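Just so it is clear, A, B, C, D, E and F label the chains in written order, and each chain counts residues from 1 on its own.
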Amino acid sequence: MRILYVRPVANSREAREMEAILRRAARKDTAVSVTSLPPDRPRHLEYHAYEAIAVADIVRIVRASRDHHDAVVLGGFYDMGLRAAREISGSAIVTAPCESSTAIARALGQRFSILVGRRKWIPKMTDLVRGYGHGNAMASMRAIGLGVEAIRAEPELAHARLRDEARRAIEDDGAEVVILGCTAKYGFHEELTRELGAPVIDSMIAALKYAEMLAGTWSPSRLGGSEPPPEEEIASWGLFRP
Amino acid sequence: MRILYVRPVANSREAREMEAILRRAARKDTAVSVTSLPPDRPRHLEYHAYEAIAVADIVRIVRASRDHHDAVVLGGFYDMGLRAAREISGSAIVTAPCESSTAIARALGQRFSILVGRRKWIPKMTDLVRGYGHGNAMASMRAIGLGVEAIRAEPELAHARLRDEARRAIEDDGAEVVILGCTAKYGFHEELTRELGAPVIDSMIAALKYAEMLAGTWSPSRLGGSEPPPEEEIASWGLFRP
Amino acid sequence: MRILYVRPVANSREAREMEAILRRAARKDTAVSVTSLPPDRPRHLEYHAYEAIAVADIVRIVRASRDHHDAVVLGGFYDMGLRAAREISGSAIVTAPCESSTAIARALGQRFSILVGRRKWIPKMTDLVRGYGHGNAMASMRAIGLGVEAIRAEPELAHARLRDEARRAIEDDGAEVVILGCTAKYGFHEELTRELGAPVIDSMIAALKYAEMLAGTWSPSRLGGSEPPPEEEIASWGLFRP
Amino acid sequence: MRILYVRPVANSREAREMEAILRRAARKDTAVSVTSLPPDRPRHLEYHAYEAIAVADIVRIVRASRDHHDAVVLGGFYDMGLRAAREISGSAIVTAPCESSTAIARALGQRFSILVGRRKWIPKMTDLVRGYGHGNAMASMRAIGLGVEAIRAEPELAHARLRDEARRAIEDDGAEVVILGCTAKYGFHEELTRELGAPVIDSMIAALKYAEMLAGTWSPSRLGGSEPPPEEEIASWGLFRP
Amino acid sequence: MRILYVRPVANSREAREMEAILRRAARKDTAVSVTSLPPDRPRHLEYHAYEAIAVADIVRIVRASRDHHDAVVLGGFYDMGLRAAREISGSAIVTAPCESSTAIARALGQRFSILVGRRKWIPKMTDLVRGYGHGNAMASMRAIGLGVEAIRAEPELAHARLRDEARRAIEDDGAEVVILGCTAKYGFHEELTRELGAPVIDSMIAALKYAEMLAGTWSPSRLGGSEPPPEEEIASWGLFRP
Amino acid sequence: MRILYVRPVANSREAREMEAILRRAARKDTAVSVTSLPPDRPRHLEYHAYEAIAVADIVRIVRASRDHHDAVVLGGFYDMGLRAAREISGSAIVTAPCESSTAIARALGQRFSILVGRRKWIPKMTDLVRGYGHGNAMASMRAIGLGVEAIRAEPELAHARLRDEARRAIEDDGAEVVILGCTAKYGFHEELTRELGAPVIDSMIAALKYAEMLAGTWSPSRLGGSEPPPEEEIASWGLFRP
């Protein structure tokens, strides 16, 4: 199975680390490759305006790669562009972190909490979780008070805060499962799983495993709201012309 | 009051007609101008993938024009890019058709129906209306079975079908107010209002009036989820460099 | 545009102050007048039983004034009598504070909080906000622990507590916009807006601006649940006989 | 146990029939009396404006009779004035038809339908049922196309239509229980129960039985939102002065 | 009226105390008997797996006793087996504590809180309350940190904690009514009612009174989802063979 | 990976066919075995009372087999016993058809419909889907008017009706994905997928693939509501003694 992971940010050395994480998590018969956006794109998607800039690239990448992959995994916990990418993915499956990790969390326990970077992210992400139908199963969403750049700059601080907030989510909010809604280093979710004695879901891995599950057995619907744009229109308007 | 209306599609002769409609609906002290996207952009946004292509332009336009306008009105009934545009609009108000027209409909009657072009549009638009909190006030969403191009090509057919579906919404679904979720010719909503004896809301005009209401009295929040991206970051990454 | 503001309480010297506040907030071409209830009516509506006593007056006033006004604004944050007043308002628009201010708050930010007087008010007001569809957008409702009389008697104490609770709503609850669900002195919301760096909505002004927006462009529906009582029945029963 | 049934309309000969129906349904140790509003009040409450006129009377009656009754049952399927009446009822229980009959219906089957007079009633009544938390258990609300006066004038026609709509509710909408949301003659609900082979709930009887259940064992809360207005304030304002 | 109370746990000396409590709460013309499960069954139902073991017994008891009773009351706050017991109860009414006590609480005040034993119980019980439609009326669910065995072993400690949590529910969470979702000694809810000045509902008594209300007047639906299994099938499969 | 599929009905020759279907759908490295209940148990679970009889067996099987399997898949579209089985499964994953197939359907399209046997099943199943958070994504639930025995007796008739209702779900209700909520013959869902041009999900296969996805990467939570019963208690009460 060939899976493409789309990092929705400008290329950087983190791409490599992500690839290693995903390959380790993938099944043996899965070939994962990672792609990033052009260098003049945002380096993180902490702001809605940055997402708006990145989303056309996501759609272009999905369309260009759909014939060569069984599934495309979109990175970035906001699942930005998911509906659009699914529309245009042909027979390739498309998955994304928030949808996948919340569905998985519900199967591992009765209440989950999501840890995010800054409070800035909470309203949109909460709306997203509610839109997926999981508002009642979410015990809480907690911010560690660090943006993406800060997390990269001080990973130990980030991990310490993730640990703290995860504990509070369990003890104060009744979480039985914890979802990491922001990046952490290779293997951190396993470390935290052991420490807390509770499942900790790395949302990127969740999206990968969800893609593996779906791609082998089902294809996307192309009816109703899932109807793709007509190829002639795309061609005559030159929408994806390089 | 200076209001910019952003047509989220490639420039075309419809821009003129839209400008005429909006100017007629605006207050005397409102100056409305209309802008469109570059010519290689989609000519309609019937597909989620097309929206994804257009949304970066919307954000760019809002950012570029925010200092010269009191409000920006986004066209296109899906309200695409609204959250992102609001984030980056500085002190300018941003409004959009679906949010504005559903809020207004609730103040004119207890149940409303929305008429859209094709069934393709229904799932996403329904999710949008529910997200705004109006799922219980929506009597129905009905499609006239015509896409944007078909509506432009055969306006009389489109109007006939809008009439039919509006009547069914009122008689079968219990609608007290009808929202036009797709374009119609200049003055059509007034004609239909008279015929049906029920308020018919042109969603573009709703967004314009909503903008006029807000812009004179309030400014957008810049806290929490409404925090804008830092200007230094935008500059150093060159995100909006022309 | 002629707008009537109905204070749903016995006449008092506060009527004058309210008139001044509203006139300042109104557009130049709007003529606002304020009316109150007869002197033997409740002086505030802190109790549901008081509202029940006042609501027939509201309906009578709306019916009597509908032909001479483009819109009627109902005072009192519970929006009492709104459905009934709308039914009988003829072609006049009717608006009310809670509906208007919550709709406006959603357009200014992603989460709002409402400040009320006493905890007594919270259950009914929360049900009202949910009924309007904004339960998910409400970050919190906070009481300042002062009834209407206490607020009038000690305005400085009331303002200090509004300040405190507004800050907590922003810092602890994630509010991006604050709605004043109880009376404050002339200009206080602007003062608080500056202090907090966040939009603070005076709910009476919100209802006024909402009325201005609607009245110029739309008329109420008279279909379905918005069908008015037959004039012959009203006449033969003598319901509104003076 | 002494129970007062408040007909929220002007006195008429129907009061007698109602009394007979209620007495037959009451337990042996229950004494039911029926009171109506003054003669210049509406004769039915088909319009929201009529309710607004009646609701102050309801509150006055509840307050005046609370010391002499264990429970007060409010008539009229909209449950108008319920919150206010409960606030001011002292230690007397207050019940109302819609709340009682929907709660009972859920205990008799998994889905219920409500039959009402005219389509006019549907939006408000639907909002009420949702507010009570039973939106998901309601299979449908169906109107028989007859107002209160027409039902009184042509009871046989009304019964025929109730029969038809009840059948459709069961066969088309999946109702397992039917609630009569409008008046019918003495014993009709039992007749219909036999014909349909399904429980048919007369909503007035439901409110009576609910009152009997509650009044013997519990008293209303007087905390939080259920705090009553202070007697000194009522006295000094002369609110209930005869 | 003959009512059977089914303790969904292995027989024990608590059965006697429960019988005394229920007889005192019942009407004079109600004959209450209590039955328990066989001795090798769980002694409490704190775990979902224990419930699963007990539920077949509940169904067997309901089926066996339905012809000799007007109503069956299921014990255990989770209402386990309620849907199944109702399906097979013939013309006997079936009630259960959580459904009954939440419905009653809503009629006594605008917000209620539920006190339970351990945090373990919260997710399932919360889902149950939401399923009944009362999620919005529930101010909070609070655990006293004691399991069933601990409550039995140290009743004074349990009562002290129930007192504390009830007070917090009222003061911090806005509860107007308190529901005891776990067993307490004879008469404790009345004691607590007096202390708190708020209605405290013993959920078993609530289920009993609900049964008395329903059984005299209505019978369960046997349509749609309430259709019972065919007797021939039960006989030929030998499902309830002793 | 070792996966146990629990048929929640008395053993029969259908077990074999199910095993064949599951083995074909499983990954190469998955070993699937199928177990059924003792012969005196119900042969189908069309009634809630039958489920109540079967659920203790499910829990016993899960407990007995948890150490020898990576995952247990519960059959029967009602997901009966899922919460209890998950509680007691140790480190084994437990999945069930309705939860798995609705989650998967949402990833393949924006709206799904579920086809069930008889109308009897609709209320409970609808409540289940809503409980999982997918009420808004469900376009409809449609019954083919055949019970389990009838489907087995006349498979061709069943398939014809499934075809018809699937088509109606797509054309009339807006379904983009169809879930088979009742058994069909080997390979039928693939046949129907081709015919309809839309994904058709066999819910048993969905539960299997969900189990494969989860079992390799995560373990169930054992905190909060997912805390298992203490082994000493189980032993001392003799709950699972053979």
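Heads up, the rule we're going with is that a residue touches a chain if its C-beta (ideal position, glycine included) is under 8 Å from a C-beta of that chain, and two chains touch if they have at least 3 such contacts.
Since the structure is predicted, the reported quantities are computational estimates derived from the model, not experimental observations.
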**Q.** Any chain in contact with chain D as well as chain E
**A.** C, F
Q) If you take the chains that touch chain B and keep only those that also touch chain D, what is left? A) C, F
Q: Would you kindly state whether over half or under half of the residue numbers at the chain C/chain E interface are used by both copies, giving same or different?
A: different
Q. Quick one: how far do you have to rotate chain A to sit on chain C, C-alpha fit, nearest 5 degrees?
A. 120
Q | A-C, B-D or A-F - pair sharing over half of the D-E contact pairs | A | A-F
Q: Name the chain pair with more contacting C-beta pairs, choosing from D-F and A-B.
A: A-B
Q.
How many angstrom lie between the centres of chain C and chain D, each centre taken as the mean Cα position?
A. 29
Q) In whole angstrom, how far does the Cα centroid of chain C sit from the Cα centroid of chain F? A) 52
Q | For chain A paired with chain E, centre-to-centre distance based on mean C-alpha positions, whole Å | A | 43
(Q) Among all residues of chain F, which ones touch two or more of the remaining chains? (A) 83, 110-111, 119, 122-124, 127, 135-136, 174, 176, 224-225
(Q) So with touch defined the way it is at the top, what topology do the chains form here? Options are line, ring, star, complete, other. (A) other
Q: Just spell out which pairs of chains touch, all of them.
A: A-B, A-C, A-E, A-F, B-C, B-D, B-F, C-D, C-E, D-E, D-F, E-F
Q. Where on chain D does chain E make contact in their complex?
A. 25, 27, 83, 93, 95, 99, 103-104, 106-111, 132-137, 170, 174-177, 197-199, 201, 205, 209-210, 212-214, 216-226
Q.
With touch defined as at the start, can you tell me which chain C residues reach chain E in the complex?
A. 119, 122-124, 127, 130, 135
Q. Tell me, which parts of chain A touch chain E in their complex?
A. 110-111, 136, 174, 176
Q. Given the complex with chain E, which residues does chain F contribute to the contact?
A. 10, 40, 42-43, 46-53, 55-56, 58-59, 63, 81, 83-85, 87-88, 119-124, 127, 131, 224-225, 227-229, 237-239, 241
